[in-house]
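For clarity, chains are labelled A, B, C and D in written order, and residue numbers in each chain start from 1.
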Amino acid sequence: MQVTIKLFAMLGEQLGATVKLDLPAAPTAADIKPALQTAYPAVRQLLATARLAVNQEFVEDDAQPISATDEIALIPPVSGG
Amino acid sequence: MQVTIKLFAMLGEQLGATVKLDLPAAPTAADIKPALQTAYPAVRQLLATARLAVNQEFVEDDAQPISATDEIALIPPVSGG
Amino acid sequence: MYYLKISPTPLDVHALYEKLKDPQYGGIVTFVGTVRQWTGDIETQTIDYSAYPEMAEKQLNKLAAPIEAKGARVVIAHRVGHLDLTDEAVFVGVAAAHRAEAFEWCQYLIDTLKTEVPIWKRETDTDAVRWGD
Amino acid sequence: MYYLKISPTPLDVHALYEKLKDPQYGGIVTFVGTVRQWTGDIETQTIDYSAYPEMAEKQLNKLAAPIEAKGARVVIAHRVGHLDLTDEAVFVGVAAAHRAEAFEWCQYLIDTLKTEVPIWKRETDTDAVRWGD
């Protein structure tokens, strides 16, 4: 299954505002960061510190299923204010 | 020795903005409230809750001598802000 | 550097806030006290504030000086005279490098003003006239 | 009732403050974060803020709703885009019946905004470009 992932801040600067990613069948939230780290090893550490958001909510449960229509984003540590 | 005492808030409303008061010779800060309470028994309680200020400073030491040229005031509990 | 004023003129909150802006500060915390309508079952209509102005300004100086000595900027203004509902009675502003200290010092200043600065309110409520407690 | 906005328009601090005034409130606490020049030995020239705006507004709603449910009013605005020294980046205001809760809730909101709301700063310092930590 292919999903589009929104990226922000330094991640967006490095990889672009969105990347497409192939996931195994019946993916869960836990699959996304490892798949991105495999695809983009140069930003492995940046990906590790980012939080996953699905449909504009931080994901609290790694077992949350991901569907192709979900809005998926990686949120680097925020620094507003 | 006669001194003039500034009064504020409810005390000023009851007794006027200033009162004159006769004190014994070589008076100290400790003499002022009792002398006022004797002169104005109707506001004895209001006087008890007020703080003494001499030359625009709260008096910390009851033994502070009072001179005829000091600016003396009684400060009821404040309620600004 | 700090600005302290007791005056019958209505508070210009925006002008007071602008005095706090400076490239050396990153956080500005302000407290504004306004005339509130209800206190439990008591309805306030107006408040008259009076002061012992010379002593009040001296006391404000004593409060502000140690905060400014830590590198912050302090702006305090208190109105006296006749105020209606929502009118601003007091403005306390602190600009500091970081926000935690700006919050701490602003709250310290208003808390201390309310016990140590000779200003008094006389509330005209619908049922009675009350001197502030 | 509360007002939450993320926008490239410069913050109108006075208009935001005015939204907090109401006869039911006696205390208004505001926090304004501005662009500071020095952080230790690092000199900042400008800051560019970016956001994930739809999620940021949802997150602000989640923060403000429980405070408003306690009877207070919340106004938050965050600027995005290019900011110069002393420009206002964020305004957080809380109006409440009493000042202690206004201070507590205002500080809670800015502290939580800084960890939970997807907004990022990119500092242009004299020696380097830095993403905020």
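In the analysis below, a contact is a pair of C-beta atoms (placed from the backbone, for glycine too) under 8 Å apart; a residue touches a chain by one contact, two chains touch by 3 or more.
The chain lineup, named per UniProt: A, B = Molybdopterin synthase sulfur carrier subunit; C, D = Molybdenum cofactor biosynthesis protein E.
Because the structure is a prediction, the values reported are computed rather than measured.
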- Steps needed, at minimum, to get from chain B to chain C via touching chains? 1
- Can you give the whole-Å distance between the Cα centres of chain A and chain B? 72
- Note on the structure: Distance between the CA centroids of chain A and chain C (whole Å) is 48
- Message: Report the inter-centroid distance (CA atoms only) between chain A and chain D in whole Å.
- Response: 26
- Residue numbers of chain B (touch at least two other chains): none
- Note on the structure: Residue numbers in chain C touching two or more further chains are 33, 110
- Chain pairs in touch? A-D, B-C, C-D
- Taking the complex as given, what residues does chain A use to touch chain D? 6, 8-10, 53, 56-58, 73, 75-81
- Over in the complex, which chain C residues touch chain B? Could you list them? 33, 49-52, 54-56, 58, 78, 89-90, 110, 113-122, 131-133
- Note on the structure: Residue set of chain D touching chain C in the complex reads 13-14, 17, 21-38, 85-86, 97, 99, 102-103, 106-107, 110
